[in-house]
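A, B, C and D label the chains in the order they appear, each numbered from 1.
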Amino acid sequence: MSASPSASGNLDYSTEEFLAVTLAERVLDAGHLVVGANSPIPASAALLIQSQSGGSAEVTILGSREFMQFTDGGKELFDFAAQGRMDAFFVGGGQIDGQANINLVGIGDYPGSKLRLPGSFGSAYLYHLVPNVVLFRKEHSRRVLVPKVDFVSAPGTSPANQYRVGGPRWLVTELVVMEFNAEKARFRLHSIHPGHTLEEVYDRTGFEFDTTEQPPITPIPSADQLTRLRGDVCRALAPVYPDFCQKAFGV
Amino acid sequence: MSASPSASGNLDYSTEEFLAVTLAERVLDAGHLVVGANSPIPASAALLIQSQSGGSAEVTILGSREFMQFTDGGKELFDFAAQGRMDAFFVGGGQIDGQANINLVGIGDYPGSKLRLPGSFGSAYLYHLVPNVVLFRKEHSRRVLVPKVDFVSAPGTSPANQYRVGGPRWLVTELVVMEFNAEKARFRLHSIHPGHTLEEVYDRTGFEFDTTEQPPITPIPSADQLTRLRGDVCRALAPVYPDFCQKAFGV
Amino acid sequence: MSWQPLEQLVAQIDDGARVAIPPDYSGVAMAATFALLSRGVRDLHLVAVPQAGLQADLLIGAGCVKIMEAAGVSLGEIGLAPRFREWAQQGRLQMMDATCPAIQSGLQAAEKGIPFMPIRGILGSDLVALRDQWQVIDNPYGEDDPILLVPAIRPDVALFHAPLADSRGNVWVGVRRELMLMAHASATTLVTVEENYDGDLLADPVYAAGTIPHFYITGTSLAPGGMRPLGFFGDGSVTDSEHLIRYEKLARSEEGFFQYLEEQKIQLAGVNQ
Amino acid sequence: MSWQPLEQLVAQIDDGARVAIPPDYSGVAMAATFALLSRGVRDLHLVAVPQAGLQADLLIGAGCVKIMEAAGVSLGEIGLAPRFREWAQQGRLQMMDATCPAIQSGLQAAEKGIPFMPIRGILGSDLVALRDQWQVIDNPYGEDDPILLVPAIRPDVALFHAPLADSRGNVWVGVRRELMLMAHASATTLVTVEENYDGDLLADPVYAAGTIPHFYITGTSLAPGGMRPLGFFGDGSVTDSEHLIRYEKLARSEEGFFQYLEEQKIQLAGVNQ
């Protein structure tokens, strides 16, 4: 994509920049964004929002020194979310299914999994409590996007009587943006990234989803967004992810 | 008592010193003693134990700066007790009854009390969780030591099925030491302070208690105890209670 | 966030607000309290964390308090809190009598976003019957093992005085972490501050350990001496005992209480007497 | 209390002990772990607070671990934890899969001496069915409102590496208060320490704010660099990525894992292979 993005004007941008901007568009109004460890692209998105907000948006990046402003130990992040202070959170998933269930525990039957993954971390909790959870998994394949996850680390929806103030709203991959409809418990294709087709999306998605016949194309980064990414965001992120910054922002 | 204690040898001591020693004898084996705010005599007792232990006994004095070693806020004291780390605690009571129920809330019918007292503070909790709670009320009168308290801030005993790892063990007043028998839910007269009689105790106590016909006399302070009180204890306590130290220890 | 004048700070405390206040040894915002008295705030629900003293007594005596939730109200070694005592005895105050750890646990439940917290002890105290919202259940992890539940306490406002804050609104409280708990549990946190910290409290790992991050703080006002006449852990100052002894004496009567206020040059707006 | 040699420190960890360990970013006692490996400790129940990495993988690979309680085990950006992965896949490890806040709440319940703690979220996760001790009750403060309870987690030992301790055994952990929670919740707390603090950490109000008082601490050993090859919040050092990359590669096979141990000059006592 970085060579000649099909829908671009004169702008040249990297895949990482495109995805960061696409993620950022999902969380425009968030006052406090939290990014998990080892997640440079979501971190870039969060810092882009912070830059666009003139600094008023707060960003917490787990595992970083610079963007970790908690002072009450490991529990604070979760208490903070339960207090309703966390607006947006990015999370991945070894498997994601069409009901937005996510699996971070293992592929195959538990416990003798075919592939044991690290574990659910905070997902089982934050998935219920953060109003805008954005699923981000770069790989778009039938291996990842499955009809039914082998293990539910965190459920996409809950019965009406269960206390739930948050949940998945968006899924962003290297191919698409999907919006999750909790009432229908289904994803709807929101846009396809430049250079890809609906057929390709069907081909590489293991679950059913709603779509129009001609879904929109995901907007490409604006000049302003690229300037911020290569300036503010890169400066902020370089101490945390030096290698990533060089690759993503070319600086 | 300070002029010529009836059972004394050549030792001269103040009432405060006598009571501090008498309290200390109740908590000889405590590894960590906790004293409430505004309680200089129990504080002296705790620091005497610390001095006798060669410094290994820990003393926490609520409301002091010097003897407050907690670092996790107001809740820590209570968590600490529930963890089983607090061995002994001194507590008073507006009323104390023969079942060792204590009342720190008010005299008369709640809420329109005849005399509203400050409140239960931590007593309702610590009374259940600290193995050796020592009741200390200097005034020994039928006004304080009543047949039945008007309000139970904390109960002396609990039904067998209730979780209870602590409770009142001793009552010390200006007149006596009583030991509490939780199974019988009754006090037993342990000793009478020098110069007082069993008749006087009956006369001034509002509840029934067990006793032998000739209860022992409470031992007076030893020379070593007085040296420690006027040395180690006084030095430690002077910053917290300067007026008290001058009065009690004459230094 | 940035510094704001004291009047602006206390203007954020509405009539009827549930306000969490610290004990006398932990940074009481007295200057803010005097400002509240002057404003004539009404119908406060004070939550003492877990006990209160002069601050509560003043607000009660001036008719600002409807509900008093506390494990204890007194002037410490000075004696009973005279206005509290009289109002309580006359039934003019809705008392929510508690015990210290029940208030701490209620705030921790709010901090954790859970509806209740179990707590040991307390059973058999008359407090249990008084407090409708305290429930006894059978411990699901035991057998025939009753245990008390206390509901979350979610104050509208936490109000206290702290030693240091920086211009981002980070507030240093050191070991006085009940202040941090109050901030986590409350919807709004208003802080008067002894001294400006020139720099970022969170950037220094030693100061950071005792700092409430700015995103819990609604407003800060620079108010040196804002705890007087009470003592302060921040500068090691002790309570002005003579002041409190005089207060205790005067405030035994309503007339004396208003004489005290006059002496302190506190003008009450619309006293509800 | 006073300083003790590392061997004496780890000698207090019995076979079968339930040992709480911090995440990789929060002071992992690697030197103590190497000593445990050499001693050939067995049947540990590791409680990751709330996740683990190299430390757990080494202990698992050497056959020291019977039960693994964690919200996640991985080498972070380096990749999956290879020995954990293989042992889990082969069913050789009793897994107690959790989610981060459930472990924090379990430790807080132990800290508070209560049998359980309610926690929001999690319902609908397959974790709930896996964990016998997790119970769903109807919120007594709601209506038709199911809520999860998790039982207290009371480790026998908390083991970690801290930046500073003084000769009384006070341990400074700064903002890394999960270490303080571990100490409060555990019967025994063993700490390797980067540097001696000359003085009393509790006497300085700024240091005190980040200090675990000595009466929670069972033993301290001076072990500069005792977190290597992991990074450390105390001195700002970062993980030796090359070391971990090599480990990850070698430890994909059992043979490679033992080759790694040999390279690190770790002699295993009585390997249970």
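Please note the rule applied: a contact is a pair of C-beta atoms (placed from the backbone, for glycine too) under 8 Å apart; a residue touches a chain by one contact, two chains touch by 3 or more.
Just so we're clear, the structure is a prediction, and the values are computed from it rather than from any experiment.
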item	value
Subunit A-subunit D separation of Cα centroids, rounded to whole Å	29
CA centroid of subunit B to CA centroid of subunit D, Å	41
Contacts with 2+ other chains: residues of subunit B	70-72, 78, 82, 129
Numbers and ranges of subunit D residues touching at least 2 other chains	105, 112-114, 119-120, 139, 142, 145, 147, 175, 180, 208-210, 233
Chain contact topology (line, ring, star, complete or other)	other
Interchain contacts (touch definition) - all pairs	A-C, A-D, B-C, B-D, C-D
Touching residues (chain side subunit A, partner subunit D) in the complex	37-38, 63, 65, 70-75, 77-78, 82, 104-106, 110-129, 151-155, 158, 161-164
Touching residues (chain side subunit D, partner subunit C) in the complex	105, 112-120, 133, 135, 137, 139-142, 145, 147, 149, 151, 173-175, 205-210, 233
Contacting residues of subunit D [partner subunit B, same complex]	110-114, 180, 184-185, 202, 208-213, 215-216
Contact set on subunit D toward subunit A in their complex	23, 25-26, 49-51, 70-74, 76-77, 80-81, 84-85, 88-91, 95, 97-102, 104-105, 108, 119-127, 130, 139, 142, 144-147, 175-181, 233, 236
Contact footprint of subunit C on subunit A as seen in their complex	32, 58, 69-72, 75, 78-85, 129
